[in-house]
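Every chain is named by a letter (A, B, C and D) in the order it is written, and numbering of its residues begins at 1.
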Amino acid sequence: MTDDTFEPTIIGFTCNWCSYRASDLAGTARMKYAPNVRLIRLMCSGRLDPTFVLRALSGGADGVMITGCHPGECHYIEQNYKALRRFLLLRRVLTGLGIEPERVKLVWASAAEGAKFAAEATAFVEEIRKLGPLNWGKADSGQQTVDHEEPSTVHRPSSEVEVPA
Amino acid sequence: MPQMTDERVRAGMNREEDPSLLHEVSMKTAGVSHLEMCIQCGTCGGSCPVAMDMEHTPRMLFAMLRAGMREEVLRSNTPWLCVSCYHCVVRCPQEVHIADVMYTLKGMAIKAKLYSDSTAPHFSQTFVDMVEAYGRSYEMGLASRHYLRHFPLRLPSMMPMGLGMITKGRMTITPKKIKHLDQLKSILHRAKQLELTS
Amino acid sequence: MSDQKQERVGVYVCHCGTNIAGTVDVVDVANWAAEKLKHQGVIIAREYKFMCSSLGQELIEKDIKELGLTRVVVAACSPHLHEKTFRTAAKNAGLNPYLVELASIREQVSWVHTDKVVATAKSKAVVSGAVSRVIENRALDEIKVPINPNTLIVGGGVAGIQSALEIANAGFHVYLVEREPSIGGHMAQFDKTFPTLDCSACILTPRMVEAGTHPNITLLTWSEVTNVAGYVGNFHVTIKKKARFVNEELCTGCGICQEKCPKKVIDDVYEAGLGYRKTVYTPFAQAVPNFPVMDKENCTYFIKGTCKACEKFCPTNAIDFAQQDQMLNIDVGNIILATGYDLFDARRVSNYGYGRLPNVFTSLEFERLSNAAGPTSGNIVLRDGKTMPKSVGIIHCVGSRDKNFNNYCSTICCMQGLKFAHLVHERTGATVYNFYIDMRTAYKAYDEFYQRVLEEGTLFVRGKVAEVTDAARNDREKGKLIIQCEDTLAGKQRRIPVDMVILSSGLQPRKDAKEVGKLFGISCSMDGWFTEKHPKLDPVATMTEGIYIVGCAQGPKDIPSSVAQGAAASARVLDKILQKEVSLEPIKASINKEACSGCRICNGLCPFNAIAFIADDMVSDINPALCQGCGTCVAACPAGAISGTGFSDAQIMAQIDGLLLKNLEIGNY
Amino acid sequence: MNKYLLYPGCSMDSSAKAYMESLNEILEPLNLHLEEIKDWNCCGATEYLGINLIPAYSLIARNLALAAKQMNPVNGTGGTRTVVAPCSACYLNLAKADYYMQERPTLGAKVNEALAAGGLEYKAGTLDVRHLIDVLVYDVGLDTIRSKVVRPLSGLKVVPYMGCMLPRPDYQHRWSDHEHPTELDDLLRALGADVIDYPLTTECCGGHMTQIGPETAFELIRRLVADADERGAQMMVTVCPMCQMNIDAYQNEANHFFGTNYHMPILFFTQLMGLAFGKEPGDLGIGVELVSARNALANIGVEVPVTQEPAAPRKKDEGLPMPRRWTKHEGRKEAVK
């Protein structure tokens, strides 16, 4: 179900030391990437509580990108391995919930990999675009029309129904 | 001929420059050409085994592409001398796909009918005709037809070689045909249509 | 879900000149925030040309005081740039600095997107996320820790020596650790230094001696750092002092052991493989310290069990075959890394024939060849050791500016190539060719040196050399090395027969740079150099507080720049030492003992061993001095008993909702 | 793994038939099975690419598509995805097409659109295209090859000549070096030959210049032959039909042109492998080279039987009809279409 007009909303989690700095570098180097990703800075990918991901998906995000330092390069020695374990578990949970596990992606990016960060973000947006909107917790009527005051590119799913995380 | 442009310059007019030429050549080239990345270091011209016979070194040709000198570039004999040895390609510090750019320039020169008096375009075309007719190449027909047309004077001295090749059984007199020639023909027919739209 | 009392939030949207305003409709963003986020407590939203300017900061300070703001959101650049600026502004106005959030709409929006509508919309979402989050922020107090006044400097090249002397002369103690037997680094191998052609040893040796005898410097050569723990002000460092097999207390440095040692091996380090040394040796005559070391791998006694010639002849009985590696533990407040560079391995450019064609030399080989103290006593000769070349080709950019090898310009090779040209000309009178792509002679008195070499008659060829071969095509080329290239200015391919080729090889990161970076908790760029905190404004600091980088460890550079950086880092360290204490981000995890079930899941997760189980209470507890604030335990606690200050669940959940604009209609959290 | 798909290429049954014959002789001792791609067509050599891009790559890709179909295990090839090409030019074209179709997906899509007109498709990356010597050195291994040698070639002074299209551009990073690869040296040493270091081992033989600019090509041939001669080689050993053809068939012509008198035979490495494995020279296509290797091989006691002088050539060449001649007029029509 590919819809050309569908603009996915993606929440990205970054760690303070590598991947957020990669996104900073993408900025300073003026590398262009898809505007659909909105970032949250954590200290470490190990801080990522899986419920954050569920909260994002249930709150209207169509995908979640988790990023951190490369294995072996964690600022906190090895906490990104814990993120990796949680990520794998999370994908199983999502499958159990009937959600495509591909909606959550794990990307390693060092502080020097601005280009990688930008490319991965763009690629992920395309992957999610192919998967289509998530519509978690919404009535069967499907997509609500977007608030007209919003520019159409800000894809804001209906927020009438709050799903407890 | 190239002088025309120079005369116009002499008459106080600007040389005709085509700022889109570099991009056009880059986009027409197989793979990612990196042509825009050339730093004019001359590694290609230094590596080329046939540079001595080229009107322009590859580096110079790329500078001319940047300068938008379409006519001069397409008239150059340089692409036609390229022997596809890829020395320049692996040594290029900017990873320019130089050999493939040469193929692109040959194709463009043929289409623009601007190639210099090299016999190479005819050789290529003869080869292509043969492959399209049989699906296989056929050295005997190729060599004899090409030599007859372009180097008739050289032919007598080449005869012993040709004869040797035939007597040693190394030159088939008859071309081989592939079985599904029709299939190949439809593929190439479609490919040519696609080439024109690209 | 939140406090009863509604927070009073101020939103400040920065234009950053046109950096943000060029792509984001900042006025629209501010108006939108004022209207749509009003219910969340936004009572004022402003936009301003440069929020980080003093006027911009005053704007915030004034609003805090006059409007009674309790929370501040600044939508501007990355928090890594100006978070501190705005926190300080808040503090000045009496607001706890941790009640300020930065929403990055420059690095994360305006610089990476082009469509103004889309970028404006995304900016709104980012601001909305920050507003939701800041409401959940809690006032925090900075943690102050005392600074240990001692400093560790790793690497005893010219940059490290400079750093050490600056700090030591200011009256503070320095541990200078060097992997090789002597300090001096690459500079000790050179003959002359560009552009003034000072003798390298003449200017370096006094500095080495000063460092070796300074009362405030503990020199640890033949030593390596093996472990680093702690944080700025309080690093705990373990250093392996490798066995020298020479008792430093007894040795007088007389050199008899070296003289008597019967075994010679090729010296790959100091002589760049062009000369020999004994198996008990000091790398060069002016070595500091001048105690020799024993090369255990090659020593006849260690291999066969007999010999001990050195021991027999040592007048002070300083040879000690039983010596063991020692592990030293030291505490320091700051660390400067001056680990230097490796020379690019020219064998990788196989078309230049190094390693296959005898008379192709690397730059470091040539330095030794031209050095009066080198293997040929400064005679510039071919590999046969006697023939003086009549023609020499010097090739620039070997391994540099080349996507097949290193992308970057190694900075020093042009000047190095010019220096070689001068030395060859001066000492042999040979015809000299320099092959270059671009002549880079920036900095003081450098281009003048180029002029001088031009004047001497060096023949310059603009073109990257394609190959060096011994396959002659004619008699003129027979027995020569032929340099084949395009003379790009003449537009012709040339083949130039010469007797000797010198490759002006580039610099590259130490092959263990990545591991060293990991050891000290700093990162490397894509090319492998250590990453500085800011490329322009903070080139000697790193992302890890208390760790500094100087000299070629940070990127290729020449001697003057290395020395300048060495001094610069010392100034930074002295600044820290004189402050006597440093404030740390109060980002720590803590355990709510009421909620802790004592399951101990968190205990094993902490890489810093900050979590301990208290058997008496049957709960876990976190030592705030050890906690680094990564938050892994917070995310893992099944009872939700651990909270992380600065990055609490409530803050992050709120930010998620805010980013998804779920906060718009729901009202107050 | 010893089963491969074979893309022989046009020259293997004409100018390079000695290559094919000798290859067939060494398959059995090395326990190699090569299955020819059915109904393969010409790869276009270096000519097709200069005329048109999409047709050139479609021509190459037809072979890849056929091979991919054939590699299906149910068709009984053992399921190998490796295509072996003994000719360097064919190897390069096939490998490059596979690589570029991935690097530039738009090219891949267009080529597949063309292939579809013939009911074929090819997903770039499906196959592994490799040269014969790559498979022999890295899959079969030098130890196995050494173990099959019954007649070591010691005393035979050879220069290994790799040519250009094999080690370059090497997008798949298969070779030890782009300038001085050692694979052929190592293999010849395993056969016991005296291998001379040959700095020109990857220099160009002239390629198609023997046809379109003979004087340029003669100089390239002269450089190679002169340097081999200077270094005391008794013969050159090659891995490529085009190199063999140019150096062998045009050597006399080049001699003529420069007034030199070189006699430098050039054989395929498979012919030397066959000799080392104890095969008969006649079965290895030895003797059909124009610059005879007879004297060189006498150094290791190999006697090359005299090839029978064939009957006089046919009086009248009544060959098959030639393809249409290309005219400028026709070119214009093509362009307008």
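For this structure, a couple of remarks:
Keep in mind that, in the parts below, a contact is a pair of C-beta atoms (placed from the backbone, for glycine too) under 8 Å apart; a residue touches a chain by one contact, two chains touch by 3 or more.
Being a predicted model, the structure only gives us computed values, none of them experimental.
The interface with the largest number of contacting C-beta pairs joins chains B-D. Per-chain Cα centroids separate chain C from chain D by 50 Å.
For the pair chain B and chain C, the distance between mean C-alpha positions equals 49 Å.
Between chain B and chain D the centroid-to-centroid distance comes to 22 Å (mean Cα coordinates, whole Å). Under the contact definition stated at the top, not a single residue of chain A touches 2 or more other chains. Counting partners per residue, chain B has 52, 87, 90-91 as the residues that reach two or more other chains.
Shown for chain C are the residues in touch with two or more other chains, namely 351, 467.
Contact between chains, as defined at the top, is found for A-C, B-C, B-D, C-D. By the touch rule above, chain B contacts chain C in their complex via residues 39-48, 51-52, 56-57, 59-60, 87, 90-91, 93-95. Across the interface of their complex, chain B is touched by residues 10-11, 13-18, 39-42, 44-59, 62, 96, 99-100, 103-104, 107, 110-111, 113-120, 164-165, 168-170, 178-179, 202-204, 206-209, 211-216, 219-220, 223, 249-250, 252-253, 256, 287-290, 307, 309-310, 313, 317, 319-320, 322-326, 328, 331-332, 334-335, 337 of chain D.
Interface residues of chain C, counted against chain B in their complex, comprise 351, 397, 401-404, 437, 462-467, 484-488, 491-493. Across the interface of their complex, chain D is touched by residues 28-32, 49-50, 52-53, 79-81, 83-87, 89-91, 97, 99-100, 102-104, 106-107, 110-111, 113, 118-143, 145-147, 150-151, 154, 157-158, 160-161, 163-176, 178-180, 183-184, 186-192, 194-196, 198 of chain B. The touching residues of chain A, counted against chain C in their complex, run 9, 11, 17-18, 20-21, 23-24, 26-28, 30-33, 35, 38-44, 46-50, 52, 55-56, 59-61, 72-73, 75-79, 82, 86, 110-113, 118, 147, 150-151, 153-154, 156-157, 159-160, 162, 165.
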